[in-house]
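The two complexes that follow have chain A in common; it is paired with chain B in the first and with chain C in the second.
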Partner chain A sequence: MKQAQFSVASKLVGDAAVIYPKGYLNNLSGESLVKECGIYIRRGITKIVVNFSETDLINSIGISMLLQIMEDLRNIKGTICCTNMSKFLHDTFEMLGLIQHMTVFPAESDAIDYLKVRTT
Partner chain B sequence: MPFNAIPAEDYFNRENELHYLKGLSELKKNALGGDVFLEGARGMGKTELLKQLHRLLFWEDEVVPFYYSFKTANLKGAYFAKDYFAGFVRQYLSFAKKEPSLAQSAAEPFERLMPAISALGLYWLIDCIEDFQTHVNRNDFYWQIVAAISAPVIAAKKTGKPVLLMLDDFDAAGSLYESSFGDTAGLISLFRESMQNSLCPHVMTGSAGALEAIFTDHSLIGMTEQMRLGPLPEDVAAELFGAHLANLKITPPSAGETRFLALLKGNPLYIRNLAKAAWKMQKKELRERDLIECYSYEVSGGETAFYWSSVLSRYTQTPTQRRAMLKILMHSVENGVCEEINRLSILSGVGATETAAIMAAMNASGIVRDREAVLQDVIRCLYMKEIEGRDAVYAKEKIEAKYLSEKEESCFELVIPMSSNAELVVAKAVEQIGKNSNLDAEFLNYLQLALIEVCINAIEHSGSYEKKVFLKFITRPDTLEIVVENSGKPFSPETRKEIPVEEKLRMGIKRGWGFKLVYAIMDNVKVERVNDRTRVIMTKNIKDKEVRE
Partner chain C sequence: MSTELKKALYNISALADLGQAITSESAFHEKIQAVFYVITGTFLANKGAILAYDTSSKKLETLTKKGFASTDLDPLAPEELLPLGKNEPCLLKDAPFLAVLGAEVLVPLWVRDQFIGALLLGDKVTAGPYTPEDLELLKIIATQIAITLNHHSLFVDLSDKLEENHRLYEEMRRIYHGTIQAFAAAIDAKDAYTQNHSHRVAKYSSAIARELGWNDHDIEGIYVAGYLHDVGKLAISNDLLNKVAPFTPEEIAEIRKHSTLSHNIAAKIKFPWKNVEDMVWHHHERLDGHGYPDSLMREDLSDGVRIITLADSFDAMTSKRPYREKMDVQTALTELRKCLNSQFDNKIMLVLCRVLDKEIKGELPEPEILPNLDKNSDLTIISSLLEGIIAELSAPPSAA
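Moving on, here comes the complex of A and B:
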């Protein structure tokens, strides 16, 4: 576990926003993630990809923040995809019984391809 | 009595202290030194050092030794005066005639000693005795005490030969009274004149806590230096243990099997008691397992247990107070010292005033200060016996099991503040502890997550004023045990409702995942309330695949 200082980066790919949370996803960093997604949602973006390739650790509060984003998107009939999850992260969501409620892809490009053909 | 010192050849590692104390009268005469307060944890050998010093001085004939123990003294002023005075007269005569038995003949009335005193030409001592008897006959309480305390000074002045006074457990002199306990404060200050005399150096022992309370008299502080009697170094402690065993004809453990002795922290009393326990248990030779067995016997029902139990009794007046003190002590063993009287009052089951008095007595006795493993084990055993109603055998088995299981384990302790990201420090710690045990990195990630969740729970929900989380990691070959403790509001996982995930998502409930993760990751999770703390004990079994090759 590297536990880098948390930061969140993002970019727009077509009509989807790709978010890159980096480091330890807890309450504070989770709020940054919610905020970052909120910016795109307010701009009318309804497709979000969260790329977890640089997220080393998540705690239950971080998970609740992610659920917040899922709920926000569901309210506007949007879609969220999670990609590049480590086995540890994947197992964590599975332990909680959340994985079946998430759309998960191994790679970011798979999620982008999926969202291209999906109309919201 | 000062004549029951252990043989000089069995007395280890106190040569420097003995040498210094022996030369004290010369230093005081030349105004280079004064009186000494000999300080050290209980059992460290303060009394024994005084006895050794007494023996040296007794046979060298340059300085008159006088030993008096306040531990066993009657503190009612008139009784004390008689006892102190008679003790001095007998010891002086014993010294002058070089007959140790004279000092021990406590029942001998002064009249019968007169011929011996006259034969030695000690007419000033006869005057002293007559003066003292006059004060007694007049029932003059104050002058009886003054006459008794002044007797060594008079002896030194009359003969020019210094008298070295050894006042064991001197702090008890602070409790001298006239007719009922606590009726006359400050009688201890009557020792001032004796202590100021250049021919009468004083060596006093007692607990450091009591010393601070007694030496509020600045004239006493100024001329008293403190000498600390520390523990014996590890090699000397092993040598002393070996010497005791040799006297008892027991084969000592091999060098590789004496690690357990480190627990005794070089305390000569504990070392001697452990050797005697081996003898009582009819051991012919000792291995590490035998040491643990003998030790468990000692702290649960042996001399060490009896010693500490007596100390406790000295500082408690009633069975209720003793039980209350035991509860407070047990709390301090498990959770560290707590100063908050109202909390301790709830814990001890007696009122705040009485709890405060118990705390003051504990501080004066030095019991709280001596945070050492042996005392803690004795307290555990006393608690099992007197509070939980168990017998000594049960207590012995518990202690034995504890050390036998700890043999192959290593233990790390950590305290973190309840502040942002503090749980990451814990995550790092568990990572390194896991690496030390060659645990697989992915396996460690799960442990980190479980631990983070328990810490977050404590930080978020306890409302603790202490603002600290205490962690203990115990690694064994097949398990890792993590104990997380914090004060504050009680927490019980039973109170959390198990809501199906679908339901949770539908209702928009986003929190409450933490302990679900903990239960999923760990093999065993136990949450208990210990006094005012919540304790979470998590165990993870380590399988072969989780250990790196």
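Moving on, here comes the complex of A and C:
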């Protein structure tokens, strides 16, 4: 079955950037996710929400991209929230031990509410 | 499903990701970058680098990295890695020099007995240790990367050799053509009236061959034949070649020897093109069998011979000779037309006319015939004549 091309959309909600990856995060096209987050980080945004509602699958390449975003945010003492994760994604992050390094919410609105009260 | 099983499945999946990255049709650097993502994503490394060993500079060249500053890897000397196990992951505790680099694991990359490069990884983002299972997996991955780097290196070497061979071939070709042109200059120098005749016959012949749809190799062959067709005249006396008064039968016989002499000289050369000797030998044959030296008939004359014959006659007619003034182009074309079927080939004449017509109309980017013709020619008249000949020769044969 042909995979849809990976793409990224984003928007600013208050002082947080919400990123919407779409498609299978499994090849170099996933670099666009890192770049999109990088754009907000360079603009001084320290709160990023990644809404995975349209990304059910991820492989080692995608994990590497996500690590990069986590490290970029850690370097500026920022926060990453992941929302709307499929069971596969959640289990994978948990098994790898990454879940402790991100804040997970079932829905995007929960993450936005959580970030509203955070100073960094 | 237990965490161990999930981790094992993830590792198997990572190997599949690695295979896909290595065998993709992407450019080498994209391929290495994808491989690097697989590794850092598999081991959750906060730092990493893939380095290739440059055999000429004897230094390690960074292909891709993450987390290391540009100078962090400079202290890494290949000789420090040589005593380590081939494709065996080496931890910081076993190789203290890794501390200088800020790396946690190093794998020297080898293919058989050839040192290929190194793979470096930093701590895990999760702060966990590299487990024995991690190191086993890393060894498998390192072996695959080493093979990939080695293949690329072999490919680059092969490409360099191919490029060098191509350069040498082009150089040899230039020398070859230079030698042939020197020959032609020697022929033409014997006869003040035929200066550049060989050059023009070569040009006209290749222009006709190109219009006929010949391939570049064969066009080059007829170009060389055009240059050499009169090489046998080197053996004919200057006095005879430049004689103004009519030739005696003996003198005609002597001059006619030149095509066989040309063949004898050309036959000594092993040309990379087919039929050069044949084109040189028979450029004075005629379709009706009244040519020389072998009185060959129509069916024995190749297209190459027919082209050189026509190009040679066309240039002879439009050039000044000791015994006559040069003809204007339209008179020469009219004379050639009179000799179709008996001396010259209809198809080749049609193609010559088409090329010249296109050149006059500016339809060919690099004209080869027109620049050699009389500058005072009336191109309108010539073009009109050419269109008439083209129409006549293109018409289907009428029923008898």
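Following the convention adopted for this analysis, the second predicted complex is superposed on the first by the 116 of 120 C-alpha atoms of A that agree within 3 Å, B and C clash if a C-alpha of one lies under 4 Å from a C-alpha of the other, contacts with A are read in each partner's own complex, and residues count from 1 in each chain.
One rule holds in what follows: a residue touches a chain if its C-beta (ideal position, glycine included) is under 8 Å from a C-beta of that chain, and two chains touch if they have at least 3 such contacts.
Nothing here was measured: the structure is a model prediction, and the numbers come from that model.
Peer 1: Based on the superposition on chain A, does the combination of chain B and chain C result in a clash or a fit?
Peer 2: Once both complexes are aligned on chain A, chain B and chain C clash.
Peer 1: Taking the superposition as given, does A:67 touch the first partner, chain B, the second, chain C, both, or neither?
Peer 2: A:67 contacts both chain B and chain C.
Peer 1: By the touch definition at the top of the document, which applies to A:98: first (chain B), second (chain C), both, or neither?
Peer 2: In the superposition, A:98 touches chain B and chain C alike.
Peer 1: Regarding the shared-chain residue A:77, is it in contact with chain B (first), chain C (second), both, or neither?
Peer 2: neither
Peer 1: Regarding the shared-chain residue A:57, is it in contact with chain B (first), chain C (second), both, or neither?
Peer 2: first
Peer 1: Using the touch definition from the top, say if A:87 reaches chain B (first), chain C (second), both or neither.
Peer 2: first
Peer 1: Which partner does A:28 contact after superposing on A: first (chain B), second (chain C), both, neither?
Peer 2: Both partners, chain B and chain C.
Peer 1: Between 38-46, 218-226 or 488-496, work out which stretch of chain B sticks into chain C after superposition.
Peer 2: The one stretch of chain B in steric conflict with chain C is 488-496.
Peer 1: Chain A residues touched by both chain B and chain C?
Peer 2: 26, 28, 59-61, 63-65, 67-68, 71, 91-92, 95-98, 101
Peer 1: Quick check: in the complex, which residue numbers of chain A touch chain B?
Peer 2: Those in contact with chain B are residues 1, 3, 24, 26, 28, 57, 59-61, 63-65, 67-68, 71, 87-88, 91-92, 95-98, 101.
Peer 1: Where on chain A is chain C touching in the complex?
Peer 2: Interface residues on chain A, with respect to chain C: 26-28, 59-65, 67-68, 70-71, 91-92, 95-98, 100-101.
Peer 1: Looking at the complex, which residues from chain B come into contact with chain A?
Peer 2: 420-421, 423-424, 427-428, 431, 442, 444-446, 448-449, 452-453, 456, 501-502, 505, 508, 510-514, 516-517, 520-521
Peer 1: What residues on chain C touch chain A, complex-wise?
Peer 2: Counting only chain C, the residues touching chain A are 3, 6-7, 10, 13-14, 17, 21, 26, 30, 33-34, 36-42, 44, 46, 66-67, 125-126, 128.
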